[in-house]
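Shared between the two complexes below is chain A, which pairs with chain B and chain C, respectively.
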Partner chain A sequence: MNDVLQIIVKRLGLGLITLLVISIIIFGAVELLPGDLAQAILGQAATEETVAAMREELGLDRPAPVRYFAWLKGAVVGDFGNSLASGIPVTELIGPRFKNTLFLAVYAAIIAVPIAIMLGVLAALYRNSVFDRVANVLTLTSISSPEFFLGYILVLFLAVKNSLFPAISSLSDDMSLADKLHRVFLPALTLVLVVVAHMMRMTRAAIINLLASPYIEMARLKGTPQRKVITHHALPNAWAPVINVVALNLAYLITGVVLVEVVFVYPGIGQLLVDSVTKRDFPVVQACCLVFAATYILLNLAADVGSILTNPRLRHPK
Partner chain B sequence: MSPFIVGYYALLIGATCVAAYFKNRTAFLLLFSLMLASFVVGLVGGERALWTITVVAALIAAAAGIAFTFREFLTISLKGEAQKAIKSAPLTATFGLFMIMIYIIAAVFAPIIAPFGEAEVVGSSFAPADEVMLLGGDQLGRDMFSRLVYGARNTVGIALLTTCLAFLMGTTLGLLAAVKGGWFDQILARSVDVLMSIPTLVFSLLLLSIFGTNTSTLVIVIAIIYVPPVFRLARAVAGNIVVMDYIEAARLRGEHSWHLIVREILPNASAPLIAEFGLRFCFVFLLISGLSFLGLGLQPPTADWGSMVKENATLISFGEVTPLIPAGAIALLTVSINFVVDWMLYRSSGLKT
Partner chain C sequence: MRNTRNREFFDKILEAGRKKELTRRQFMTHAMAAGLTMTAASALWTEKVSAQTPEKGGTIRMGLHDGNTSDSYDPGIYASTQDIQLAHTYRSYLTQITSENGLGPDMATSWTASPDAKKWTFELNKEATFHSGKPFTAKDAVASLNFHRGEASTSAAKPLLADVTDIKADGDNVVTIELSQGFADLPWIMTDYHLTMLPAKDDGGIDWESGDGAGPYKLDNYQPGVRADLSRHDGWHGEGAYVDGVTLTVLNDPNARQTALITGDVDAVTSVDRKTMALLQRNPDIAVENLPSASAITLPMFCDVAPYDNVDVRLALKHAINREDIVEKILFGTGTVGNDFHVAPNMPYHPDIEQRAYDPDKAKFHLKQAGLDSLSVDLSATDSVMPGAVDMCVLYSEHAKAAGINVNVVREPADGYWSDVWLVKPFVFVTWGARPTPDNMFTLAYKHDAAWNESHWKNERFNELLLQAKAELDDNLRAEMYKEMCELARDDGGTIIPFFRNYVYARRSNLQRGESAATSWEADGARFASRWWFTS
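So, the complex of A and B:
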């Protein structure tokens, strides 16, 4: 058991280092601005004095490494400074929106994961059947469509032509959960369509890979019934790839959320990021990017750790 | 009950019986499940829903017909190895090839095909479709159809350029890393690991917010973002090849690493790299369209499918399909490419499971 702990701690450390490097990239990218931040905010027409005053206010007169560590120290305790556009602390802007995005992502994931795994396993078991072929074409179509295409189709048919669900998913705090679920259904369904397609294809590939292994053939040859081959021989080894697939797709979900939020005017962190990019509100952009990157790394880490925990060969490396 | 519903079910039941009589299991299962679905959909949505199903089925049939005739055409006009490959291709793949051809024609001959200029104001804003404007007007009264055709040139052209750039950098670095090995390889591989742990859309938003959104920065930024995955694949593919004996022989001959890459490795790595090129193109294309949709990609008045969706998005709340047309154009191209790549991967893997 000690070994496992050691491996996991090692992976966590690696993830932390990656996050640190990414924070340097995110911070450093803004340093690459032609001119500097103060110039970029005020524009070319600003006088020398106002730019100097702005520099003072933003602390740009200090060297970059000093500012980086100050920024990082703030980021660790959740203080990203103030928004340039509105002057509100970035954390206040991000906090409730991050909760909304998480709500949407979890909602979509709860619907998508069981459906995708079930369909993926079925497609793998009955491969090259009608079901498998139709599923292949449908998932390929769903993967290839931009999120906004799927989103607007759903809006057209489920919100405009038949008013089953609202086309715009605005939320407020005093709504009941059922009301919220109803409002957020269309963006969640859009995400589900994309994620199910990805997840199902990956699950199918993983299971087919598994069913091709020699010990499955051995089990079949010695006359084990199909059901038992699946439950006793295939399934215990299928967990690792399936957990991997789920975590990777949840990571995908986190980024897919940006476009979907814009389509449905959903008050989430993706919408905030896009707005801030248009307004060139750098502290908010940096904070949003860091939050996205951290979530992404965390989920990839979860995929790693999950596959280690379920795979004895990785648990006890030679 | 209207004659349409009676006719609909009569045709469906008849076709199912024919399929059962000829013991065609695939067709029977498809038709039967379609019939069951129709019962449910018909009960819920009424006649209109059944019409929708009919239209969709007719579209699929038309697509299959096009794919079939195109495959026959290619089998007749091609010779040798290519003919053999096409003959066994699934209909989805030939459909993909056909659609890609249409897009290329639209992109190359855009000024001839389009009745109006890219930014030419023809009618009133959001004008309905008529003989002059085949698909109606957009929010400024420009011809939707002309812009769609020019969009093939702009959106696809930019995506192609970006993918080529990413591939040039990615494969060169990847193959060099595989050939050189050692610290050069290690440093590149580690930095790629880090770069790949930032979600692409978020990373591109960050970079575009800094460098501004003109076409050349867009191309460069997205190309750089897509270098890591290409690098990884190229390095993995080449990693399997550099251990071969003929590479060893070439090394002993004293060949330069450039010669190794171009003459020895590249010809043997081309199949997976071409398939990867198709897939990567789809990702780049979707990313650029997504950015344009967010208003951060190609800037107006350039006709571009992503921004066309955004500009006309308000129409959707009046039940108009106009904004779906450019979005559909994006989807159709990526689907077509994916169909072709799927078939190529299947062929090159030799998997006959």
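So, the complex of A and C:
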């Protein structure tokens, strides 16, 4: 057990260094973009004089390294600064958006993960049957379609033709949970369709792979029914790759859903990031990207720890 | 026979409806008894009865395009549709563009100028209050205008007030503005969306951070780029404000906007997709507006860079564009053809000048005058400033081929277009927001020393007239001067104006507007909140 703790501590340490490197890369990337915040905000209305006044007010006339370290000094103690464009503290800006993104991701995951694993197990169990083929074709079709297209199709059939669900998912704080679940159902369903295939195929492949192992042969020879062979013997050993692919998809649900946010007008963090990049609003871009990076690091860590914990050989190394 | 009798009957029940002697249900029963279908009767009621009598109550849910998370309370950097629509809902201005596109009072009740138009006096509305309850005084007006002046100001409206030398409060309810040169349009300029009235702070600045304002509705909740919820400001000084509340939701995706309108998730939307406009018009529950605006597309050429420094080259390029074709194919009819001077048909002082037609032979003639057989030019554009911008340029390129001109369309990156392409490259695609008066537009982009003189055009007579007309209080004389200036811009200037864009927006038909709508901005000059109402 101590080994696991050691791994977690080590990985978290490495994670912090990764975040630092990422922050430098992001800063550099924003610097490389043509134009700066003053020009982006004033747009067509930018005269030289106004741009200069705005740069001075926001401290954009300082050299790049000075600005980076000023930001870093704050970030180390948890102060991510204020948005340059609107003056609102970054944490205040990101907080509610990130909550929304998490809500949508968890909602989609709660539907998608059990369905995907169940379908994967069943597809492995009835390998090459009609069920297996149909499940494969349907999930592969949904993963191959661009997500905005899936979104539009769902809107057309479930919102416009039959008004079962609202076409736009704008949330407000005073909504009840049931209301929110209803409002957010269409974007969640879109995401489910996008991520199910990946997880289901991985589960199916991992199990089928194991079915060729000698110990499965042994289980079969002693007369264990096929169903039990899979759930008791194959599945426990298949968890490691499955957990990995689930973690990867969860990370995708948090970081890669900007198109779904746009189609359903969902106030998540992706839209915030896009807006901030357009305006060259460095503190917000930086904070959004770090949140994304931290999500990946933590989920990867969770996946590794998960695969260790589900594997007795790794749990009790000799 | 039956028809006349029917008409009399309908007139009678319509009249009764207007006087509220008939309810909607009774009206429908009568109308259907007289042979109308249910839909027709319902339409008749909406059109003829309820449209005439504003009713109180309800909440307008408006879906907006172009709203960003980075939008701010700071009036100096207002730029997006969300900024502009919201500003006219929760804040107020000294003057306003009325529904008939004239100039009307808002927080100022009247205004007068000295004979040389160098000194203006604005009488303020004594009833006006801010949402915080603080009464509006001359001190607030002075601070609000001064916010857009001076060295340290970061306001985009700074050039508008460049000639202002002093702004003074004269008692609590009078403001005087002094200018270095006569300026007849000053009251029109006061409608600019940046120049909103805000409470003054003790240090002479304004409090824009708190989200206070003196508009018809007060801000209860604002998440920039997401939504804003507003409720009626009971102490509002103006007329109208029939509905109880307003919700603005940012719907940047055109499809999401349209779907939300069809499913009734919102009552109105800005910017309807041109391609699907015709389909939307077929829906009886939805009214689509297609109104000419003063927002122009310009293709400026640097008049001091070869080959554009030759007026014949400029004229050749101006004759080589087929404007009608562009309006039809790129805009699906939602535009008004331009005539190479920057005064839109709905602007004051619009002169009657012969429309320039597509004429490849004339273009060839001008090329020959310039001593050229053929011409090849680069035209820069990007789709981010207007969807279809690149397509339009490609279409122009096809038109120009007939005149022996090769227009090579360069697709520029969307990012940084305003800072790296506009005013930098010699021949580019530009969009302009609507400006209220010819003087405003000319001073911004056609005056020889203007920062945005996008065509580097320097015409002595034009600039002389510009200054004269600016201070001229006699309307007829001004109209004559503007006509001459427009002719100069058309025949000598460096700007091709293919068309003025129309505003295309839509509302559900139970949401009514008055007989006319302002075209300074979408949604009745962005004042839909105080001007529109629901019919039951």
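In this text, the second predicted complex is superposed on the first by the 266 of 318 C-alpha atoms of A that agree within 3 Å, B and C clash if a C-alpha of one lies under 4 Å from a C-alpha of the other, contacts with A are read in each partner's own complex, and residues count from 1 in each chain.
Following the convention adopted for this analysis, contacts are C-beta pairs under 8 Å (C-beta built on N, C-alpha and C of every residue); 3 or more make two chains touch, one makes a residue touch a chain.
For clarity, every value in this text was computed on a predicted model and none was experimentally measured.
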| item | value |
| --- | --- |
| Chain B versus chain C as contact partner of A:L12, first or second or both or neither | neither |
| First (chain B), second (chain C), both or neither touched by A:N300 | first |
| Partner chain(s) touched by A:V155 [first = chain B, second = chain C, both, neither] | both |
| Partner chain(s) touched by A:V4 [first = chain B, second = chain C, both, neither] | neither |
| Touching partner for A:I25 - first (chain B), second (chain C), both, neither | first |
| Partner chain in contact with A:L309 - chain B first, chain C second, else both or neither | neither |
| Which superposed partner A:I216 touches (first chain B, second chain C, both, neither) | neither |
| Partner chain(s) touched by A:P267 [first = chain B, second = chain C, both, neither] | second |
| Partner chain(s) touched by A:A205 [first = chain B, second = chain C, both, neither] | neither |
| Overlapping contact positions on chain A, where the chain C interface meets the chain B interface | 33, 152, 155, 160, 167, 262, 276, 278 |
| Chain A-facing residues of chain C, complex | 68-72, 74, 77, 79, 151-156, 158-159, 209, 221, 223-227, 229, 249-253, 255-256, 259-260, 262-263, 265-266, 413, 415-416, 418-420, 422, 433, 451-452 |
| Complex contact set, residues of chain B against chain A | 25-26, 29-30, 92, 193-194, 197-203, 205-211, 282, 286, 289-290, 293-296, 306, 309, 313, 316-319, 321, 323-324, 327-328, 330-331, 334-335, 337-339, 342, 353 |
| Interface residues, chain A side, partner chain B - complex | 18, 21-22, 25-26, 29-30, 32-33, 127-128, 130, 134, 136-137, 140-141, 143-149, 152-153, 155-156, 160-161, 167, 208, 212, 251, 254-255, 258-259, 262, 273-274, 276-278, 280, 282, 285-286, 288-289, 292-293, 296-297, 300 |
| Residues of chain A defined as touching chain C within the complex | 33-35, 39-50, 53-54, 57, 83, 85-87, 93, 96, 152, 155, 159-160, 163, 166-168, 170, 172, 262-265, 267, 271-272, 275-276, 278-279, 281, 284 |
